[in-house]
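Input: structures, listed below.
Each of the next two complexes has chain A plus one more chain, namely chain B in the first and chain C in the second.
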Partner chain A sequence: MSAPVKNWTKPVRAALIAFSCLATVGATGPSSTSGGADPSLRLISVSQYRNILQSVFGADVLPKVRFAPVKRTDGLLAVGSSAAVVTPGVLDPLDSAARAVAERVVDPLHRDTLIPCKPASASSADEACAQRFLSRVGLMLYRRPMTQQELTEKVMLAGKAAARSKDFYSGLATALSSMLVSPNFLFIRENAEVDPARPGQWRLDGYSKASRLSFFLWDSAPDAELLTAASRGDLHTPEGLKRQVERMTASPLLTRGARAFFTDFLALEAYDNVAKDPVIYPAFTQKVAQDAREQILRTIEDHLITRGEDYRDLFTTRRIMLSAPLAGIYGTPLLAGPSEWKPFDLPADSPRAGLLTQIGFLAQYAHPGRSSPTRRGKGIREVLLCQHVPDPPPNVDFSIVEDPNAHFSTARQRLVAHNTDPTCRGCHMMTDPIGLGLEKFDGAGQFRATEKGAAIDTSGNLDGAAFTDAIGLGRALRDNPTLKSCISNRLYAFGVGRPLTEQESEVVEQFPAVLDKSGYRFKDMLRLVIFSPSFFAIKPQKGPAMALLTEQNHAH
Partner chain B sequence: MRSGDQPERRISRLRNSRLYGATLSLLIPVAPAFSASPETGGTIGLVLTSWRPALYETPGAKEECPSGLQVSEDIQNEKTPGAAERLAKFGFPLNRGPNGELAAYAPMKVEDPIPFRELQTRNGFGLNLDGTSDGHATAKSCTHEKFRTPEGVAADNQLARVLGCTVGWRASGFNVEFAAREFASSSVNRILVEISGVDDERNDPDVEIRIYKGLDGLVATGEGKFLPGTNQRIDNRFPRYMHQTRGKIADGVLTSDPIPLANLPLLWVANPGERKFRDLQLKLKLTDTGAEGIVSGYEDLRIWWNNYSRGMNSHGGIGNYSSAQLYRAAHRYADGYPDPKTGQCTAISAAYKVEAARAMIAHPALAQPSTVTASNDRTKP
Partner chain C sequence: MLIKSKDATRRGLLKGILRGGAVAMALPLLDIFLDDHGTAMAATGDPLPTRFGTWFWGLGVDHEIFTPKTVGANFDLPPQMAALEKVKQHINVFTNFNVLTDGKPNLCHFSGWVALRCGAAPGARGELPAESLDVPIAAAMGGGVRFRSLNMAATGVPRDSYSFLSGDAINPPEVSVVELYQKLFGAEFQDPNSSNFTPDPRVLLRQSALSSVKDEAKAFENMLGAIDRQRLDQYFTSVRELEKRVELQLQKPPPAPACVMPKAPAADLPIGLDIELVTERHKAMTDLLVMALACNQTRVFNMVFSDSFSALVRKGSERTHHILTHEEPIDPATQVQPHASWFVERSMEAWAYFVEALAKVPEGDGTLLDHSLVYAHSDCEFAKVHSLDGVPMFTAGKLGGKVKTGMHIDGNGDPGTRLGYTVQRLMGVPIDSWGNQSLKTSREIGEIVA
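Up next is the complex of A and B:
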């Protein structure tokens, strides 16, 4: 039975059918799967760690935990996580967190709910009960059934610890905590297997496909239904895969996945460190800073998930999500309590429209005490257009702009003076004509009509598209072809958790041809990524199919 | 320009809110008339951040209190014969009445040996509530002395004569600082002022002024000030705290017409209270970030005392005042609304120095989503 596809847009449906056919028959050419990547191994993120524990044990067992910073690679932390390691300095707090979780799971408050059996005696080991519990949580934590050897080891560990402490639950906690620091939990390890349908070809095994899907769409481990689908081999069939993707993209958990992607794509973790001079910007309180970051995610959530709008229109939309602390800066009353969020339509004569004019973006790409057209332009180029702007050289000469007798009123005047230096001009030409379009918003994202009494000229151009103000800049960005290829590339890389291969890049280059017709709707973009012929493709592996052997040993 | 919502809807809303408020407040009198729609034109929203008795103070109080400051009730008690016996008998030093009555609750049962220190200056702050220049008795006032403000205007503020020589109510005193902190921290005290129909913030001969109780907190800055531009919702449960009058702005100073009767919510030492003013008037100097000035009216004496004594019934030692003297002084200086039978004035002219921060006032039934325009988007960094 084929999956329901009636709510997919026509171009996407056509493209997906074509992609599915290519993937199934192993076609050659630009979309060939023969050049697939190796299975990946990557560290889970803090949010994934928390989401998994919450789904397995509930929110009240969540520990406070921090991971070591991951190096942003190719614009994404998700890609950097494929090169991340767990150092002893990181393992210690993870171990403490694991123990804390395990103790809470087995404590009298939770054990009757979370442990599916009672031991024959609470003061001694109970192999059967331990095995039942550990195999169940092992499936969820490792995202695959534990091998017989793994399960035997954990049951023995629980038994020994119970005998030593004369406490069954203490023994169970010891085994559980060891699983929570296991690489099988902390790393998303993909396994390859030979593809029985295509001699000589390899594929990701079902559980690896399930993990790739769930971490991509839900920012968490697969749920029971997805694991069951994986165990049945459903994810190797177009119909089975479509059925699961349809279910997952219809789930409220998709919001969590979207937030994870855009947090990573827009580098929102850096927004946590935005600080403004309280003398210059007293309104930019800590709460405003927090809400400014959250506003971006909530607006995206509302725009892409709730209302299914086009990604490109995020840069022109007048509909935003607003909280009471932000309302003051937007200059409007809002009938909302201090922690409430409300949708809000900016009127036609508002100087704001689109993501670029939200306080979070404007404040992040600015100095603590003033705006920065250069930083804003660089942010647009690097984050939203996936372009690289070189860092400034170490010996920049600021003497012209720092001359106290210069009397520059506006940033444009300062930058024009600064850019008389030819070594500076090259890079500034990439950033400033864009960033100057946002100059009617100060370093805290507040609107201003003038700067030091002088009129502000917000005209500029983005790759040849001229504009006169921030709203025009948003329109120019919306229509910039690179915006589309950038989100396509980042979304794909986020899904696979590594840089794209050459073949994958060729596949992704085809996305705009489809999405230009259908619109850049988030779910359609996700489907294009997932159903592309390369998304699950694995290149032939050397040696025996160890993964397959391992799977055969899964404990049931 | 403010975009008001539909008058019909507003009327319906106010009717509903009155019913709700009346249900909540049971036998409390209904709110005064409140018109249906705010005016068009610019709007200035304010939230009061500070509320202190308007006292004239000189260094060492030499000018206004030449005979010194009030002594505390503890000292009054010690100087009253039989202090030790009363303490042994009633167990608390302020149970000073012949039958152990607490002075705050039965002030007329207590006599103080050390006389009340009278405020003696003619300088003061306030507004001219009775319209006279010499304080002669009128239909709504008893004979009293007027103060002269720094602007040279005659003003009524008899409450200053009651509190002016009490160290706790003078600058940095315990009472005034405690009250100021409480005023800012509790949303019970959240008083919003909305000035609408403003064509020119410096000079406008006719504006509408509305007062509401707010719901939300203030946001303090690191300098002990309060952030302007915060979102403040009207507490729609209390239409009795909604008042309306007209006024004018001249050289950036807002002067209101009197509000005949105004109840205002004021917490005092953790006791939610409601103060009742007649002829309440505002005189506020408007700034880009807020306002400062005077709120003044005839304060109902009985309610004032109930509120005051409940909050400070055992704090006479801290506040350096005597309840017995305070009560007597308040009645002695009362100058408003004489009882038709006894001639005793039932209210006292009271002036409060207030500060306010500009605020975005959110109306409960305002249709959402609302609008923001370029002109009211914050224009100054």
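Up next is the complex of A and C:
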């Protein structure tokens, strides 16, 4: 073990002790100054955008908005967001959405509830009312109080626009629409400041810490209480931080954070384009595809949040969430109404148990018209175990598979033949022995006992753990040590929203040692991430302090 | 009254709007838009606008039934190109041009298109070493239209774009026909041939909103490190693009005789890669694009018919185009994978549809296509082995007489970047070489330059 790891191990353990026995957290960071990252600049995600607008203005002002895809980096879109660039094609739909939201907020239907004051005259500017509305909205959208200058400029903009249009509300909408495309809203910018408690060292300012926490735990901007805590400097004290984290992890909004993490981690955005051949898989309709994705999230929500179970058991649990359209494909009794979700315990003799046997996973990692053990194996390796499966070589010899006289009935026969080629074998041995364990489920995730009349052999092994069927594969995955380091790593990276520093990787390596004892309960994992000494650590910044937002120039 | 000066127009509008209402200016529709030669706008003497676009299809071709036996003009059309018969006089086909990777791996279905778009072979999957050539071309062509470029993916998949600034800055495609229509011909569209020009009074409010955003961005930038400043610069550029679009809304658009506002699509097509569906989406997007060009909404476009790992599929078949390229035996008699080849033929039909759609729109002394240049290519030649030798490429259009068409050019193994270089030079990009390492070239393909 290298020296820095030793330096970091103790605080990680301390963090666990802190959250598990409610003692004071030693979260002031490591004594070494070598750790820490630079403050990040992340592009907001579509779900964050929607969640913020919904909490500020309500669901009925939300327009349909399409965010351009960002590059998946280190397995996460959240990490890619820290390098994402706003090209004209990215900004276009955001600009349209901004205007649509602003118009709805000020329309006669909404203005009385969403605007806290009435102008003296609806046909001219009203500085006081505009200021009241814009400063309140600005606090939520920018995740900090607007500076005096920012607020003055927006109030002036609203005033000029009101004079021009002879409409107070039109003026207000103009100012609001500009805030909704402002970099202060669209980018989550972290701000570093000199740490007064530790000479020569830097820290994230309170509002940046608040945003870190709320985007991580709630997939949205900080609420009023968290912003107040930030303004008071509470988040710089272990007690203050702990109080907020406990409040936030106890909130129903935690579900949103969990959904955001697992949507990203499991690459569920791919569902937007999952379609199956209607002739081969007539039961797999668009509604089924949507519900399959939702089933994964609801099962996770039920397992991790509602019931507080261990993450690893997600791969063996027989409890699933079920909707009416899915019941048909699962061959289970219809328990739920048309748009209802109900928990269901798969019977002991069911061939299914665990996340890998949900049709969502099975259909995502398959072709439109057939299953794919290679894709499923690759999905398990790359997504759930954070491993890299190399690209195939360009000149692959498929001559054996292509032999028209061979008459392969099953995927295993095809792949075994293919893998007699040593150049193919290397990588396929990483994926196929796992994926073949799921072959009793077709490309749409439906159970089948045979393929083209031939029996299906689902035996295999995962990194030395032998299994005979999909349920055994789930058990082998549940007990695979890499499953634990992978979720630790991804959850931490999702929390900071950028690639991990070397020191952070060393910190995260320590997580399983701690979680093995407590269990991989979601809230415990979150606390371990947040209270780890590296989570808020900032590298000393060069030169004079950047133009910092200080309490003095904040507008109140 | 025909107001020619931009300033006069804007001042007039400002006055009108400040008086509290919109100004409706009745402008006479000119009977004759073009000069006597049909080569320039009569009103301004400006040459007819030129356009540039790209068209992409995945998984290459079958050499034996694609490559013409003869080179130069009057080349033969082998079976895989049969669909191009009716547009043959409008296109050039380029074979035997190679993508060289200088020891970097051939990243299947990636290295080829990346090199042909940006002049450099990637070192790893996901890496885009330089900006795609449509970006400098759009910059060289300047503004004056609502959209600097228009990206579309007939696959309906939001990640299918071959236009980019870098790996972190992809120009996202339009994936929905309804959304594409709204973007082009929705509320902000101003019919260039309308006799009434009524600028929306909200345009001025929008201008002040964007101006305020720019002020914020400047203050914001001061808080950032060097790399993030570059990212913010791009954001700033994007805001400027919006501003320019808004400015255009204050001006009476120049007349566009072939512009006819299309009908709004009733509903979007379902998602999925069934080839019938993708073909239908491609046609719908192409028709909207052609009208967008005729109506001067954009001058640069990128169309993706299928992606480089194409999972286009025939209803009822369990094997996608990509699976077929690897699993289907080669017929010894024809040296072709018949089912995989079927998809290539459909791709060529789509390409023919695209070229013909541009050629159907009359413009000046010719057609829209005659004033355009389209650069089309795939990601490899023979997908089964991912060959980077002989990646098929096309051009379509004469670019206002600057390009000769109707030819088959044999590249003799030269770098495929020669075409990208030629295309950029023709479009006025001020470069004297393009590409790096073995892909670097300063040799135009002179045979097609008029």
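Remarks
Basically, the second predicted complex is superposed on the first by the 516 of 556 C-alpha atoms of A that agree within 3 Å, B and C clash if a C-alpha of one lies under 4 Å from a C-alpha of the other, contacts with A are read in each partner's own complex, and residues count from 1 in each chain.
Criterion: a contact is a pair of C-beta atoms (placed from the backbone, for glycine too) under 8 Å apart; a residue touches a chain by one contact, two chains touch by 3 or more.
This structure is a prediction, so every number in the text was calculated from the model and none was measured.
Upon superposition of the two complexes on chain A, no clash is found between chain B and chain C, which fit side by side. When the shared chain is aligned, chain C comes close enough to touch A:175, but chain B does not. Look at A:71: by the touch rule set out above, it reaches chain C but stays clear of chain B. The partner of chain A that touches more of its residues, comparing chain B with chain C, is C.
Touch criterion met: A:278 reaches chain B and chain C at once. When the shared chain is aligned, chain C comes close enough to touch A:153, but chain B does not.
Shared-chain residue A:59: touches no atom of chain B or chain C.
In the overlay built on the shared chain, the residue A:329 is in contact with chain B alone; chain C does not reach it. Looking at the shared chain after the overlay, A:344 reaches chain B, while chain C stays out of its contact range. In the superposition on chain A, A:391 makes contact with chain C only, not with chain B.
Angle at chain A between chain B and chain C, computed from CA centres in the superposed arrangement: 80 degrees, to the nearest 10. This overlay, made by fitting chain A, leaves chain B and chain C with a least C-alpha separation of 11 Å.
Across the two superposed structures, the residue set of chain A contacted by chain B and also by chain C is 278, 280, 443. If you check the complex, the residues on chain C that touch chain A are 17-18, 20, 105-108, 125-126, 147-148, 151, 156-159, 165-172, 179, 183, 201-202, 204-206, 208-210, 212-213, 215-217, 219-220, 222-225, 228, 231-232, 234-235, 237-239, 241-242, 270-274, 311, 313, 315-320, 323, 326-330, 384-387. Interface residues of chain B, counted against chain A in their complex, comprise 45, 215-217, 219, 221-222, 227-233, 359-364, 366, 368-374, 376-381. Contact residues of chain A toward chain C in the complex are 38-39, 41, 66, 68-71, 80, 83-92, 95, 99, 149-150, 153-154, 157, 160-161, 164-166, 170-171, 174-175, 177-178, 181-184, 186-187, 189, 191, 272-273, 275, 277-280, 286, 367-370, 391-392, 394-396, 398, 401-404, 443, 546-547. Remark: chain A residues 278, 280-283, 285, 287, 319, 324-325, 327-338, 342-347, 349-352, 442-444, 446-449 touch chain B in the complex.
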